[in-house]
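Both of the next two complexes hold chain A, though its partner changes from chain B to chain C.
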Partner chain A sequence: MQAVVVGLLMGAVYGLMALGLALLFGVMRTINFAHGAMFTLGGYAFVVVSEATGVPSALAVLAAPVAAFAVGWLVHASLLSPRPDSNVRYTDYVLIVTFAVTIVMVNGATIVFGPQFRRPPSISPETVQVLDLALGADRFVAAATAVLAAAALWVVLRYTFTGRAWRAMAQNPIGATVVGIDEKRAHRSAFATACGLAGVAGGVLAPLTSVFPNSGVTPLLISFVVLVIGGLGSMAGALLGGLLVGVVTSLGVVYVSSAYSDIYAYVLMLAVLLIRPAGLLTRATRTY
Partner chain B sequence: MAELALDGTGLVKSFGGITAVGGVSIQLAAGQIVGVLGPNGSGKTTLMSMLAGLVRPDRGRVEVTGRDVTRSAPFSLKRRPVACTLQNPRIFASLTVRENLELALYAKRRHGPSATSGINEILERLHLASAESIRAGELSGGQRKLVDLARALVVRPQVLLADEPTAGVSHAAQAFMTEALSDAADQGTAVVLVSHDLPWTFSICRRILFLTRGELLVEGTVDEVRNDPRITDAYLR
Partner chain C sequence: MSSTRQNRLWSAATILVVAALVAGCGESAGDGATTVPAEGDQPELKLAVVTSLSEPGVFELGTEQADAVQACVDWNNANDTGVTIDLVGIEDDRGDPAVARAAVNRLIGEGAHAFVGDITSALSEAVLPLIDENEAFFVLGTSWADELTGPDHPTVFRVGVANSSLATDGVLPYLTDLAESEGVSSIGILAEDSSFGRGLLTALEQGIEERLPEGTAVHSEIYPANSTDVTPQLLALGGASPTPEVVAILAASAARNLAIPQAFEVGLAPDAELLASWDWPTYGDFWEVAGDRGVGVRFVAFETPERSATAEAAVMTEALGEESSIWAKWAWDACRTLAEAAADAGTVEREALQAAIEELSFEGATGLIDFATEDDRYHDRSGIPMYIVSFGEENAAFADAELVYSAG
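Entry: the complex of A and B
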């Protein structure tokens, strides 16, 4: 039971991380390889603001999404807005550029912060008793933040013009262009928001897992797995996939062995691919 | 001479060495309805796409209300008073009919009570009011065409480009469209209709351009075009 609780708490954050990728895949039909680097950036932003200003952690953590959103916006404006002239497809171009951005960001972090682990102060230092297991309240804070961020994204998608423009762009890019939606602006806001979501995940997990230049690699790989499990581009699928990966990993660690903790998510992915290759929550879609 | 609503001059477009449109010009004053006819592959849709800004011409010039928009990127449609409907309606399946219209207005930065009354008016006009809360993806093909047209008309464009609006549409829906397009023209919208439906096009347009193999074959009034033997030749060739 405790393993399930721990898994769900962790899974919510995996889901949040994958939610950003799902949003981007829906709107831009491509993957942001720098998503993991944005996770790391969120962690560092939290550490730096906390150490430099001494403000309470609950406030300092807000720097995480802000920094990731801002850097995401800049990356899109400076590197992804100019379309390649050659025969490279734009979606491939985004893959290559964001991979390069990851290399720059990881090495930049090594130069600026060094290779050592950094840990911001706890957001909520209390412990919470779940049956006979005492869990740090930070885990609950992280999961609650993930749920709130997902809910906020849902509200944006449902009720704001920007959100509807994203949905329009995801469903029918030509139709979106015909009604006058500015593709570049819609892409940029979606890209920056997706980075911001990775930043939130990096911020709230920093007190639990520490930050180091490559700390975004594992979360990035797990979010790919989550995305495949949930169904590419499906937001609800990303959340469900995140929770499943969290629970399965947690159960595997407790009941099988903690030595293979990174394997369970992939085993789950293989099982889903065998049973439902399109992912758990993708519906058959029609294009008009 | 009064300023033209739409002025396309000497438009040329080739795809992989094949000339789709080879130097066609089209001019419309406000409130005119012009039909573009021609057999399959005559370049009607390419011409339309160039006028809409969806395809960049190799040569030639497009002006909308006196402003050169030839090189503008497609999304700057929002800065042009132009709306268009495509051959396959590109509506948003997961949005309701009303949300589809709202999105078009938002994209053109038009909000507020007058926008809402505009939506209600066009939904009534095209007999879509009862379907306004239905997701567009659940509608029939003909109804989707109506939503597509409603979405284009609701922004009150100065130029409307409609590609095959009546294809696959019932007679009743066709009548709603005729009424809505005539109303828009009466209010000053210049309308370009691309169609294969000759009787309908002749009934609604005053002037016709007939294309074949990317060239303008005949331009004239409905009667002139209807009685031109070259038209029959072009269709039978």
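Entry: the complex of A and C
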């Protein structure tokens, strides 16, 4: 049972990371390779604001999504908005550019912060007793933040013009443009929001796993697995996939063998692809 | 001219150029490896360093290594040691085995026939085929996998520890002492999935079975080397029956520091004592990550907090202009090993130099340097002192650490 609790808590954050990728894939039909770098940026933003201002961690962590959102907005405005004047497809162009952005951000972080681990103060230093397991409250804060962020995104999608524009772009990009939705603007806001979600994940996990220039690499890889399990572009699928990956990995380590802890998520992905090649909740993509 | 014919001509020309380049490189590497001419009446050692000088390699240790070798070369050439050292180059492998391999290849092409480096076993493992093929010398300091030295690699020596000696001369004596003096009967091991982690795990499991009292329970868990969350593995350790009273952490990468707060988080510590398998708590970001939970963590060190007091260590401190860590001292000793042996042999010819290193015995910065030639510890040093130390307060430096146990 302890393994399930730990798995669910980590899985919620995996889901949060994948949520941003799912949103982006739904709206822009592409993948942001800089998603892991935005995760790292969120962690560093939390560390810097916390050290520079001394404000409580619960406030300092808000810098994480703000910084990642702002950088995401800038990246889109400066690098992704101008369409390439060549035969390269736009989706491929985004992949290449965001890969380059990752390299720049990781090296920039090394230059600015050094390769050392940085750890912001705990958001909630208490211990939470679940069953006979005492876990740091930061894990629960991370999981609760993931749930809240997912709920907020659902509200935006349902009840705001921006959300409706994203849904329209996801369902029919040409039709959406015809009825007056600004494609560039919808893409930019979706890209920045996805980056912001990665930033949130990086911020809330920083007290648990610390930040270093490459700290976004492993979460990015897990996010891709989660995305495939849940179904490309499906937000509910991203959350479900995250929880499944967290629980299966944790149970596998505790009850099967820790020697294979790297592969449980991939085995799960292969199993899902065999049973439901499009992912667990792909249909949700079309209806949100 | 038809385009097909033109293409064929271009292909033939390209093949000729590549073949000429390959032949040239091979000739140069071969020359450098076997028949390096002596300058004047003393031999000239063509030395090179390949180590991690930037991220994601362990650049802090690599930089220390490089600085120590540079200081060793400068000191050697400024003193009458009977050998001249030409430092062919110091190359950064960035922690990437492929980059390390390319760097060694390039340096061999430039005439290097002796190497000092590399930081990790995986990196050293990657360059070994080139070392063997070119009969170059490689003196290791911080690569600990047992397989790196052995009769299959006759020109490879190690001045630092090997996994097996770390287990038998460092960790096991301490665990035995805990079992005898405090009745510890359950041991947990958290090992990263790497040449170092798995190698040390195997050595420890064998040693515990042979040396600890019968009935001592051992439970081990392995985690991916790139992981930053080892709570599932720590939960599994905590759930073992009987619960471990000591948990040895065999790690070199990201989770080495993180495992400490996470062990507290899952309730494994402080009931279980945490034992770091090398002196990483004396480095960089330990306190940043572990915080006050790092107080009381015990770790294996290779010198006492007073630091090594050999005459050679004093020479090194003067040459470097500052006190150095054990990692830098191993690099200095590696450089000095090659220089001393070349001076003894009066040549850098391969067989003579190998024989001279095997017969070498001198007081280095880290103590007596001599190498075994028996198969089980072939070309490894024996008698490296090991200690168990810990910090009594947060943010303490190594000089302030407390000596807990002297493993001999």
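Everything that follows uses one rule, which is that the second predicted complex is superposed on the first by the 282 of 288 C-alpha atoms of A that agree within 3 Å, B and C clash if a C-alpha of one lies under 4 Å from a C-alpha of the other, contacts with A are read in each partner's own complex, and residues count from 1 in each chain.
What we mean here is this: a contact is a pair of C-beta atoms (placed from the backbone, for glycine too) under 8 Å apart; a residue touches a chain by one contact, two chains touch by 3 or more.
Nothing here was measured: the structure is a model prediction, and the numbers come from that model.
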item	value
Fit or clash - chain C, chain B, common chain A	fit
First (chain B), second (chain C), both or neither touched by A:V179	first
Which superposed partner A:L274 touches (first chain B, second chain C, both, neither)	neither
Residue contacts on chain A - larger count, chain B or chain C	C
Partner chain in contact with A:V254 - chain B first, chain C second, else both or neither	second
Partner chain in contact with A:R119 - chain B first, chain C second, else both or neither	second
Partner chain in contact with A:P213 - chain B first, chain C second, else both or neither	second
Chain B versus chain C as contact partner of A:L133, first or second or both or neither	second
Minimum distance between Cα atoms of chain B and chain C in the superposition (Å)	28
Overlap of chain C and chain B interfaces on chain A (superposed complexes)	none
In the complex with chain A, residue positions of chain B that touch it	52, 54, 74-78, 83-86, 88-95, 99, 102-104, 106-108, 137, 144, 151, 155
Complex contact set, residues of chain A against chain C	2-3, 6-7, 10, 110, 115-119, 133-136, 139, 208-210, 212-215, 217-218, 249-250, 253-254, 258-259, 261-262
Contacting residues of chain A [partner chain B, same complex]	161, 164-165, 167-168, 171-172, 174-185, 286, 288
Contacting residues of chain C [partner chain A, same complex]	54-56, 59-60, 193, 221-224, 226-229, 231-233, 235-236, 239, 254, 257-258, 262, 265-267, 284-285, 288-289, 291
